[in-house]
Each structure stands twice: as C-alpha cells, then as structure tokens.
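Take this structure first; my questions come after.
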Amino acid sequence: MNKHSKIFFTAILSQLLAIAAFAQAEKTDLSLSISYFNSNNHVQYLVAHAKSKIDGKFQMIPNINLSFYIATEDAANLLGKAVTNDKGDALLFIPPTAKDEWKKSAKVSFIIVSQKTKDFDEAKGNVEITKAKIQIDTAADRKITATLMELKDTVWTPVKAIDVKIAVKRLDADLNVAETPTYATDSLGVASADFKRDSLPGDSKGNLTLIAKVEDNDVYGNLSAEKIVPWGKSIKYYTEFDKRTLFARRGKSPLWLELLAYSIVVAVWGVLIYLFGQIKKLKQLGVN
Amino acid sequence: MKTNDTSRREFISATLLAGLAVTGCSTGKNPFEPDAATIETVKPSGEMIKLLSVDGEVIEVDKAFLKPVPSLPQVSNELARQGIPGKKFVMVIDLSRCKSLKKCQSACNHMHSIHPGQNWIKVYPQQEAEHTAPYWQPTTCMHCDEPPCVKVCPVDATFKRQDGIVLIDSDRCIGCRFCMAACPYSTRVFNWEDLNLPKEIADKPYSCETSVPQKKGTVGKCDFCPDMARKGELPHCVSACPNGVFMFGDMIEDSVTNGSETFRFSELVRDKAGYRLMEDLGTKPSVYYLPPVNRNFPFENKSETEENKKS
Amino acid sequence: MESLAKQQIIEDLLPQKFGKAGKIWVGILLAFCALGFVAYCLQLKNGLVVTAMRDYVSWGIYISNFVFFVAISLVGSLITAVLRLTQAKWSTPLTRIAEIIAVSAITFASIIIVVDMGRPDRFYNLFLHGRLQSPIVWDVIVITTYFFVSILLLYFPLLPDMAIMMKHKDVTGMPWLNKMYTFLGSFWKNTAGQIHISEKAINILSITIIPVAFAIHTVTSWLFATTYRPGWDSTNFGAYFISGAFLVGAGAVVVAMYVFRRSYKLENYIKDEHFDKMGKVLVLLALLYLYFNVNEFLVPAFKMKKSEEEHLMGLFTGEFAIVFWFAISTAMLIPILILITKKGRKPFPAFIAGILVVIGSWFKRYLIVTPTLLHPFLPMTDVPEVYKHYFPTWQEWSIALGSLAGALLIITIFARIFPIIPIQETITEIEEHEQA
C-alpha cells in the first residue's frame, strides 16, 4: 500500500488555494521525491511526490507534469509521464521498454523531471535502489517466515538486519500478527513471527492474507509479498439489506404496513369511485 | 445476481489483492507466484497491461490485479445503492486524542466541495454536566443501522446499503428536508443556494459514492467515502487527522486503522470501553467513541463563547 | 307554482355581483397573491437561500403555514359531516361555507408544501420513487383523498342549486358562468330518483370524510412525532393536532359567517342563533384544545428531562415566551372568556373571538415547528452565526401571506359564482317545517 499518500496527506490545501497563494508570489521551489515499489516480486512501480514550502509549511502540489526516466535523463530512457493528483502523488508502472537498462546491473536509478509551470521552475528528483525480493512462507504451529534477498552481481543473496513487517492484510491496513509489528532478518535473510490472532475473521472460507513488507528502505525501496492461509474464522455475513424494514428501499416496506396502507386506500377509493359512478347515474337519470 | 458479481469483482480488484495472476510469462515453477486461492477470488477484467518484473522479464498482468489501481471507473447508481458485499464499515473515534485541529473538517470540506460555512464533520466542545470534564467530540454521519433519516425519505433519495453506509442520491432528492428533521445527530446539511463550483467539478456526473458535485436544493452529509473504500483507501478525514483520532475499518474483518496504527476492532472497543452516541434512541450507529480518558492534550477552547453550554 | 317565500329565498341567496367593497377586497387579495408569486419566482431562481431557513431551522413558516392550512381544512368534516350525522339541522346554512373553506385550505396546503421543496422540479419523484414507509407519502395520499372527498361533498349539494341558477340566468349576468352551470348541473331534474341517489351519496360522504379528515391531520402531526426531537417526540400529537384543527376551523367558519352575513345581507339565514350555537361549539373545542395543551406541556415540564428543558423553558420564559403566551391566550383563553357569556355569543363579539382563534392558531403552528428545531440534541456548532436564529425574510412572509390571500380569494370567487348558502336545502327545510 502506498504509505506516502498517508504520511503526506496531513495538510491538504485545495488546488485553488494553492494557486491563489502563488499568484502574487515569486516562483517557489518545487521539491520532488520518488519511491520505488515492488509487490509480490512482479509488479514494480514508482510513485513520485511533489511538494513545496508555502508560508512555512510543506504542501502537496497537484497537477505537475512529470517525466520518469531510468538510469539517465535521455529520451531513450523515458519510462513514461504522469501528472500529480490532489495528494501531490503520481504513479507509474515500470514498462517493458526498460528491460535492457534494468538488466544492466544490480542497482538501478530512477529520475523524475517536472515540467515548468506558471508557479514552479523545472525540478528534478531521483532514487537509486538495489534489486531485492521478499518471500513469505508459513510453517507448522502458525509460524510465518519472511526471506529477504538482494541481487549481488548476478546472485540472489540473503540480507540481514533489516526490519520486515509481518502482518495480516486488512482494509488499507496491516494488522500485527502478534504484539510486535516488525521482525529483523537474520544472517540467512529470514525474519520469523508467530501468528497469535486467534479466531480473527477471514473470508467465507476462513482465509486470511498474510503480508511481509519492507517499507521505505534506503537501499531496497518498498517490497512486499503476500500469502493466503486458512487461519481465520470463516464468516457468514448477515445483513438486514433488502429485508422488509422501515428503512428498506421502495417496495420493501414491512408487510403489515403494506397491508394496512393498501387496504385503507382501496376501501376509501372504492367508495370514491362508487360515488363518481353515482354522478354518472344521476346524469343518465337527468337525460331520460 | 449478475449485478452482485460485478460489484464483487470491482471491489476485490480494487482492494484485496496485491496478489497477481501472472499470465503468459511464467516459465517453470516460480517461488514468488501467488497462491491458487488468490486467483480464485478475483475475476480478471480482461484488460492486460505489460509490465517489467524484478527479474527483468516482461509480464502481462490483468488490470484487475494491479494494486494500486491507477484509476477506477465510477460505479453505477444501482451498484452504489447496493454497496460493497460482505463489508460492514465502522468508525472508531478516540476522544482522548482530539484537540480540535479540524484537519478532518477541512479535508472533508475540500474533497467534497462543500458550501463554505457548512461542515459535514463537526467538532463539538462537549461537557455533560457542570462538574464533568470538557472534551472535543468530532461527529461524522453515524451511518445508523436503523437510520431514522432513511425511514422518512419519501423517494429513496437517501438509502442504507448492505455495507452499512447511508448515502444520498442528489439526483433524486426533492429537498423536503424531512431527513434533517429526523436525524438526532444534526449531521445533515442542505444546499440552500447554488454552490458556484468550478466548472470541472460542477460538470462531473453526480456519484452517490463521492457525493460530488453537491447540488442546489438537495441534502448532503458525510458519506464515509465509499469511493475510497473501493480503492482500498481510507476516508479523507481519517488520513487527514495528524493525531490519529479517527479509525476506520471493516467490522467483518474486525479491524480498524487510522493509517499508522491498526487495531482489532472488538478488542479496542472492549478494552477502552467504547460506546455509541444516543444509544437509547435505538438508531444503532456505526460510529463508536472511545472515552476521553488519559488524554493526549488538555482541553483548550480558544473560541469559547456562551452558546456552547449545552451537552 | 313557486310560493312567494320560495321566490324570496332564491332572490336572497343567488350569488351577487361584486360591489365596490367586494372589488377592493378582491384587488387586495390579488395584490398579495402577486407579491407572493414574485417572491416565489425569486426563490425558484436563487433557491431556498432567499428564506431565513438554514441547516438547524430547516423548516420555517412554510411548514407552519402548511400545518395551519391542513388544520383549517378539517372544519369541512366537522360542520358538514359531524353536525349532519348528528341531525343538527341548524347547521344547514353553514355547510357550504365550511366545505369551501376546506377545499381552498387543502388546495393551498398542497401548494405551500411544494413551495417548501428544495427541488419542486422533481415533484414527480414522489410518484416514480415513492416509498410507502415515509409519512410524507402517507400525507400525499391522504391529502389527495381528502381533496376529492371535499370536492364531492361540495358538489352533490350544489346540484339542485345549479338547476335553480340556470332558471335565473339573468341574475348571474355572465354567459360563461351559465355555460359552466350547464356543464356541471344541467342533468339535475329534481326527480325523486335523483334526490334519493344524491342524499345517499351525501350520507356516504359524510361518513367517509370523518376518518379521512382525522387521517390528514394525524399524518401531518406524525411528520413531527415520528422524529426524536424534544417538543415533537410525543404520543399526544395526533389528538393534540386534531383538537387544535377543529378549533381553528370552527373559528374560521364563525369569521366567514359574519363576513358573508354582513356583505350579502343574510341576516334571515345566518341568524344570531347560529352564532350562539357556533359560539358554544367554539368554547367546547377551545376547552378540548386547552386540555391537550396542558397534557403536551405540563407532563414534560413536570419531568424536565434535559433534552426537553431548553425547549420548554424557551417557550415558557425564554425567547419564545411572548409568542407562546400570546398564542395560548388568543387561541384559547380569551375566546373562551368572550364566548362563555350569552352576550359574547352575539354575532360581533363571536366574530372577534373567531378572529382571535384564527390568529392565535397561526402562531401556535409557528411554535410547534420552529422552537424545536432550534434545540437539537447536540448544541449548534460549526455553522455561521446566522444559522443559529430564525426570523422569516420578506420573501417568506410574502409567500405565506400570498397563500393565505389565495385561499381567501378562492372562497370569495366561489361565493361570487355559487350560492354560499344552499338554496334548495333551505327551501326544503322551511317546507318541511311548515308541513310539520
């Protein structure tokens, strides 16, 4: 999950406010940063953040056009372009065109360049990462292990003394599997945790998704891996939705109400229709 | 049942999985390949995206399995009225952490383009009685399980979904304001005049899930940001609060988070003696409060005026 | 051969052209209607922001006016149905006055509720998406029903009179009016068969209108009583509303009796006896309403629950105290004191008492709606200062006054077109009286 959006979301100002504040001011420095993400060792993407110090406070800058490059700022190495959103973030998946450059070495650097705007001059940001993988496994007695490996030259080697978060995936959240949230890797690159969340609800089959994560690491960026385990309690969700209640949608009112209402309406309007019929009868009597 | 399937697919694709179904590229047994169970729960969208893997291989990934999803189409009105199957959203508000910074309020107002002066989130300076402690009490919509506002709506403009969220269809609301009279939490606001929104917001088709754009002559209120939940993200107020006052989550998953901390919902509410507002009215709110004990901040009411003397 | 007495009755009761006073009266009413219309156009253009209603006071004098109209329209069932069924023959000359008040009031109740809507352009949603669970939908159903019942109850007794009027075309003096009489009543031949059907229909209607009338005002009270708010959350509300409605309706009838008697010189038909009897009815109804008021305020005031306290104190001694005691005394106490004496039941003092009842009742409706909204469970917070008070804007006053003028205009025009006292019924009664 994109942690940066949360961390930097503390102060949102409307784009309008930002623009208004800039209208009078000199061009301000735009500061760009970039994070590397790799989830499940397959999907790799970059998230760029644009912020600027306005009135002594850092604020996220939306609508900045960014170009992403790999290794060097050459047209040939252009990965793609993206525009920052309200939170000042722009996301780009790493495309297959970067294959050759990516394979060159164990370390890769990424560069972002912003387009000049009315309020900001061109700015740059870059990050260098070492290729790494994380693997999550489970063993007997609900033991979870996470193995972290980095690429040294051409060999995947274990990494030690790195904090790995081991958790259960929830809605935009990671719930600790036990008291501590993170576990350090040993010389074999293995961090292990015991699952102590008894009877935690899973899906309908009782499945939980475990996740092992390295977050905001200076060398490796953000890595994560997931595994589904049947360790949860299976949940049958009961909902009042679409039952006949007073707060249900149209046509779903309680039967007693429908019976009562319709019988009253039918009775009263039956009388009225009968009386309208009587007017017709009066007319016929008058004509004859 | 077809519609249910679709909504389920869209939700899962958006939230549950960073797990991937990798097609077309895997050669041999890959230790990092996702579980079969993962693949089972997701229906591919059919739209494939080519990516570069960490091994330097070109892979094709179904868009439905990408997380985060770059953009999600707005759900239809019918799906927005049904809600997300298998979810029951709850919020926990920790009163011991609130110092009335109102970052929640400004984030909410901005994201929903609310009329200036009106607020969907209010922060009450509360004091139950003369000798009891004052504290700040932020309120959102309570998303009651027996919502009095929904009971009285004559046209299904406000409705209760299966995931517990109460929303408003501003394209249907007739502006009778019965719901405002019915709500004991004073959570609903009315758009008394044209909002003069910027054209790019005003021209958007209204979505019940984003509650944007608000329309003249209709009622608006906190919506628990179900559009964010579909993306697997937290409501704007939750992520905007620097003190972690708001915790949001799925009661079925039994967990709530404020972004940096995650708790088991049942443990948190049990251990800290959580409660709901006006329990005696029988509205069964989805918002739980943790009492203002062991507070992080002293209570300072800078704009103390005589009008706030009632509890 | 028509007897002389009969000829005289017809001459006295046929509708008359507007005199100078009548024209001025209609002019004034039209002016108020026009002002209300202009104000409503402004409201349509700018939205409900032209009113003083805001998020806390989300219902203002439009809704009080609506409740007032629904209340007054109940009189149709009281005078016509209750008195007819109890064989109170003296009420015959009052039935049509009561019915036209009912029809015009219920018409403007429906209009004012549309005026209160934020999106009147989506009115059709009530039919496309109506939810049976909502008391508003119940209100729409019963008000529509009541409107038709009232129209029928107005129409059946009119049939013989229309036949009479077609015989006196010269009096009406307007060809289009005669065409309308022909369209509405040319088939009436006063045959025994027709009279039988008509009488039976009127009897059925008199019975039907009672539950429907109770329903319109009970459902209207439920618009408030189905919420949790202090001042509205009351099981007493249906009966409280109905008793108040009978009171204001009867008061309005007394006022109308006096005005019609004066302007149409109907002293031989609306006699002092009628004021005396209606005066007694008013006292009874005022006492009944007073009884429900005591229930409504004394019981919660005895307990003084925290949520009720501010609301009640606001009414008794606080910001609404003046209006509250004004309404209680003008709607109930003073009229009782006036009408309890025989002298007080003479036409003029009864007329004054009737006016007091109507005015006091209007303010009573205001007190039912607004003070409650200003005392929500959670204190008013995080809103602009103006949201915490309510005083209607000129647009609201204009629309409210315009609607009242409109209701009066309907009654006035009706009296211009149709005999305001049933001619045929009066003749029949006198004939029966003579035979006996």
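Going by the order they are written in, the chains are A, B and C; count residues from 1 in each one.
One rule holds for everything that comes next: contacts are C-beta pairs under 8 Å (C-beta built on N, C-alpha and C of every residue); 3 or more make two chains touch, one makes a residue touch a chain.
Note that this is a predicted model, so its numbers are computed, not measured.
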Quiz item: So which one's got more C-beta contacts, A-B or A-C?
Solution: A-B
Quiz item: Taking each chain's centre as the average of its Cα atoms, which chain lies closest to the overall Cα centroid?
Solution: B
Quiz item: Taking each chain's centre as the mean position of its Cα atoms, how many Å separate chain B from chain C?
Solution: 47
Quiz prompt | Geometric centre distance via CA averages, chain B-chain A, whole Å | solution = 14
Quiz prompt | Computed distance of Cα centres, chain C from chain A, in Å | solution = 60
Practice problem: Among the residues of chain C, pick out those that touch two or more other chains and give their numbers. | Solution: 129-131, 133
Quiz item: Hey, what residues on chain B touch two or more of the other chains?
Solution: 151, 156
Self-check item: Multi-partner residues of chain A (at least 2 other chains)
Solution: 246-250
Practice problem: Provide the residue numbers of chain B that touch chain A in the complex, in ascending order. | Solution: 15-20, 22, 31-32, 34-35, 37-38, 41, 49-56, 58-59, 61, 66-68, 70, 81-83, 86, 88, 103, 106-107, 110-111, 145-147, 150-151, 156, 159-162, 198, 229, 232-234, 236, 239-240, 242, 248-250, 252-257, 259-260, 262-264
Self-check item: In the complex with chain B, residue positions of chain C that touch it
Solution: 46-49, 51, 53-56, 58-59, 116-120, 122-123, 125-126, 128-131, 133-137, 140, 223-224, 226-229, 306, 310, 373, 376-384, 387-388
Practice problem: Using the touch rule from the top, collect the residues of chain A that touch chain C in their complex. | Solution: 246-250, 253-254, 257-258, 261, 265, 268-269, 271-272, 274-276, 278-279, 281-283, 285-287
Self-check item: For the chain B and chain C complex, residues of the former touching the latter
Solution: 105, 117-119, 122-125, 139, 148, 151-157, 172-178, 180-182, 184-186, 188-194, 216-219, 278, 281, 307-311
Quiz item: In their complex, what parts of chain A are in touch with chain B?
Solution: 1-2, 5-6, 9-14, 16, 38-44, 86, 91, 93-96, 98-99, 102-103, 131-133, 135, 167-176, 197, 200-201, 203-205, 207, 209, 211, 224-228, 235, 237, 239-242, 245-250
